[in-house]
């Protein structure tokens, strides 16, 4: 299991390939990647603030919970902070399991908790507006299914 | 949307990266990769037979159905046939959507249908046995949720 | 009409593909006709619940009619992915 | 005790972190104490339902006691991923 919090871009292809390669017992690998989307008015940049002392601990707790609840052979979480542009990759998770059901469910669980329980805050800057992204009610609701 | 059926290995990292890179409107990318697992007795090789005339059409129909049922910006399906070894990647799907729920559900839908409705048959060769892989009841059951 | 066989159906029947002259109306009729011809067909078709059929390269069922059909395929449940 | 603020809570209060001397028993007590001190705190803490709190770097709630606590953080609902 590996959790990485960093300002620098990460190489999604290399990370995904490195995570999947050489496994003998995991039949199923799922990855999720979050990308900065453009917004109405044209996104100039997205700024991601985080709680440096807490972020890794929170992500590790979420990943540990996933490994406890599903039959996972491995899990990976990478999350960036700092200034990002449209099309930049914000984060990724990857899960490896014997069967696809565990790999899919654990990846969705990681995403649901990472959205609402890891200390990151997004701010969007457009030509005529700067604003913190509001938490979506459906993200909070998504936690209830687990 | 792209569907590829081939005997040659594919480069998962490059395919995943190429699929995700440069998107401006898709916030969520999900990939699934299937890997040849070892079996009791030690897998010497896995042979995947397919129905050449029908395979691409069947996969395209499944991918089209996914694009119709979810808000997808893009979908990718790659499936190999021929002789594979333990640890080789058999196939991958990728989905791109505005939000993660669509990307996850569509990827699971693609996998569920591809397992039981695309004309591939796996045969496992171990030191003392050669046998066709049985379809799993739970794979057929998985179709019912869609 | 071309008849194709895959996986263990192919192994039991012994050929991957053959051309069959038949006046069968439905897939079921064709199965009965072939099964009556030779033991290897009867063996392959002994449990239809374990078989799937494609008509002109689309999944179909044993009640499908063969009118105008050019290609029919028999195989076990698929195991892709 | 160190008190940290993130996102718009930080912007309203004007500092990312400060050391606070307080005899507050719970997080709620601390919020009331700070809100009484200056308008910028009252503004930031005006709607507690829009706020989350972490105590010693773990998510907690406003009823949590502050006995032995070294670090407390206030922030809006998280928006990672």
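Going by the order they are written in, the chains are A, B, C and D; count residues from 1 in each one.
Here is the rule we use: a contact is a pair of C-beta atoms (placed from the backbone, for glycine too) under 8 Å apart; a residue touches a chain by one contact, two chains touch by 3 or more.
As the structure is a computational prediction, the values presented were derived from the model and not from experiment.
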Any chain that touches chain D and chain A: none
Chain whose mean Cα position lies farthest from chain B: D
Whole-Å gap between the CA centroids of chain A and chain C: 48
Interchain centroid distance [CA atoms averaged], chain A/chain B, Å: 23
Shared-contact residues (touching 2 or more other chains) in chain B: 34, 100, 111
Junction residues of chain D, two or more chains touched: 81
Chain-to-chain touches, reported pairwise for every pair that qualifies: A-B, A-D, B-C
Footprint of chain A on chain B - complex, ascending: 11-14, 16-18, 20-38, 86-87, 89, 98, 100-101, 103-104, 107-108, 111, 142
In the complex, chain B residues that touch chain C: 34, 48-51, 53-54, 57-58, 79, 90-91, 111, 114-123, 132-135, 140
In the complex with chain A, residue positions of chain D that touch it: 4, 6-8, 54, 57-59, 71, 73, 75-81
